[in-house]
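In the two assemblies presented below, chain A is common to both, partnered first by chain B and then by chain C.
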Partner chain A sequence: MPTTFTKIAAVTVGAGGAASIDFTSIPSTYTDLCMKVSLRNATSFRNVTINFNNSSANFTLRFLRGDGTNTFSGTYTDFGFNSFGYAPLDGTDTTNTFNNAELYIPNYASANFKSSNLDLVTENNGSTAQAYMQAGLWSQTTAINRLTIAPFSGNFVQYSTATLYGIKNS
Partner chain B sequence: MTKAIEINCETGQVIERALTALEIEANEAAAAVYLEQKAEADRLAAEKAATKEAVLAKLGLTADEVAALLG
Partner chain C sequence: MPSTYEPIATTTLSSTASIITFSSIPSTYTDLFLVVACLDNGGGRTRLRLNGDSATNYSRTNLVGNGSGSASYSGTNEAQFDLSVAAGTSSTNPTAQMISINNYANTTTNKTILSRYNLASGAVEMMTGLYRSTSAITSVSYFTQGTMQVGTTATLYGIKAA
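Coming up: the complex of A and B.
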């Protein structure tokens, strides 16, 4: 049986936190990529971004979100950044809680535009916790060889993790 | 120091480096776009709520009474 799901790299944030997690030189030898994360933000915002190949252009997003009180949906066309949803926020959300998210990018090395999907939940023992789904399109034809995730400001806290997998179709 | 963790997926090498000016600028720009959109969404929500209140006032009904009517 072929090995179709392979861990490419993993990182756990150490003491002091980290302002971004940057997977570089991603080999083009797989069919799809999958990133699984568990993140918590240190300051100011719950928002997390992800950029492909250090690009901040040509991202289009459609999302559904619920936060325990309200529901939201929307489309952002030709966005200047790619949303990676939300993470619990230090000082606001329950201590030591993290999000749980998976990003899947099929055909990341092709010469076509790149689609992706993101499924995410945050943990919070309070009235506000996020459930988030997003379909994304990056309208560039370059093969993806770099994925960078970052909070809007400040750091991911210690023990945040990110793991990148490569998936082969055979 | 605000640091980035960089993982080279070919070599497995992990380094910690300072954020580049470009990365800091991108994060600030993303936050600014988000805040702008949130302000617009909040403005639209307030406008919608005000319109609803105005209609209810014309009808002489409270929101609770309308909810009771619609059951």
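Coming up: the complex of A and C.
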């Protein structure tokens, strides 16, 4: 049996931070994509965003989150950006704490629209922690060849990481 | 490094179908992981059955967000797992579904599963399920309340602990 869960690329943010993590030239030779991340935002907002193929258009994102007090479900079409959940905020949330998230995209190179699964958690030893699930749809029939995540504003802090894996079904 | 994540079988529907079954699953892995992207014309629930067993040996708890509210549902003594209860399927927007069946080959304990269901035009769901059987899982059947359409894909992976 072949090895089918293969690292495509990995990023660790260096000193000074990074405004985005960008996986480009993703080959179409796999069946599914899986991205595992550990992120912390530098300034202003906890929100993280995602785009495919350098485009923010044609996304529908429906989520369910719990913050320890309430649950909330919504659709990110209503919010004007493509959510990739949340990350702890530097200078505000517990020091040296990052989120933990996994994005799975079946059939990312197919001619169908692209659906996705996001599971994400943050913990803060206090309020504003999040358990977060999100259904994604990218209503495009072109293959995904680029995947970009970024804070809603500012940078990811040093030691944020993201690894993109390709998975083959044969 | 040994290969620990391997495809066991995969299906892409070239014609409509009511069920996808992976049978003769070897007991040589530790866990199973099923990935499904379902296109369907029915709008009903997506479901899973193990070992072809349609007796009332299944129970489940679902956690659901439909974009405007959240809820939890449960079912006991059912004839299958209901992976999604609040939203159905679409003929144009595939679901993204991941189902983990851990320790599937043991013959001592009942089997539990963890399922995630995503349809951005419908709902996001998580389901935990119990299959009250100590038999090893040798077949997995995925089906819907409608008819699955051309282009539906399903792949079963085996994961080895060593």
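The criterion applied here is as follows: the second predicted complex is superposed on the first by the 164 of 170 C-alpha atoms of A that agree within 3 Å, B and C clash if a C-alpha of one lies under 4 Å from a C-alpha of the other, contacts with A are read in each partner's own complex, and residues count from 1 in each chain.
Operating definition for what follows: a residue touches a chain if its C-beta (ideal position, glycine included) is under 8 Å from a C-beta of that chain, and two chains touch if they have at least 3 such contacts.
Keep in mind that what you see is a predicted model, and the values were worked out from it rather than measured.
S.K.: Contacts for A:Val11 in the overlay, against chain B (first) and chain C (second): which applies, first, second, both or neither?
M.R.: first
S.K.: In the overlaid three-chain picture, which partner chain does A:Ser20 touch, first (chain B) or second (chain C), both, or neither?
M.R.: first
S.K.: Where does A:Ala143 make contact in the superposed view: on chain B (first), on chain C (second), on both, or on neither?
M.R.: neither
S.K.: Of the partners chain B and chain C, which touch A:Thr31 in the superposed model: first, second, both, neither?
M.R.: So A:Thr31 only meets chain C here.
S.K.: Between chain B and chain C, whom does A:Val121 touch in the aligned arrangement: first, second, both, or neither?
M.R.: A:Val121 contacts neither chain B nor chain C.
S.K.: Have a look at where A:Ala131 lands relative to chain B and chain C in the superposition and call it first, second, both or neither.
M.R.: neither
S.K.: Could you pull out which residues of chain A sit against chain B in one structure and against chain C in the other?
M.R.: none
S.K.: Spell out the residues on chain C that touch chain A in their complex, using ranges where they run on.
M.R.: Interface residues on chain C, with respect to chain A: 3, 5-7, 10, 35-37, 39, 63-70, 92-98, 116-124, 126, 151, 153, 155, 157.
S.K.: Going by the contact rule at the top, pick out the chain B residues touching chain A in the complex.
M.R.: 2-12, 14, 16, 19, 22-23, 26-31, 33-34, 37
S.K.: Any idea which chain A residues touch chain C in the complex?
M.R.: So the residues of chain A touching chain C come out as 1-5, 31-32, 60-65, 71-75, 104-107, 110, 112-113, 115-117, 119, 133-137, 139, 167-170.
S.K.: Spell out the part of chain A that touches chain B in their complex, as residue ranges.
M.R.: Those residues of chain A that touch chain B are 8-9, 11, 13, 16, 18-27, 44-45, 47, 49, 51, 54, 56, 76, 79-81, 148, 150-153, 155, 164.
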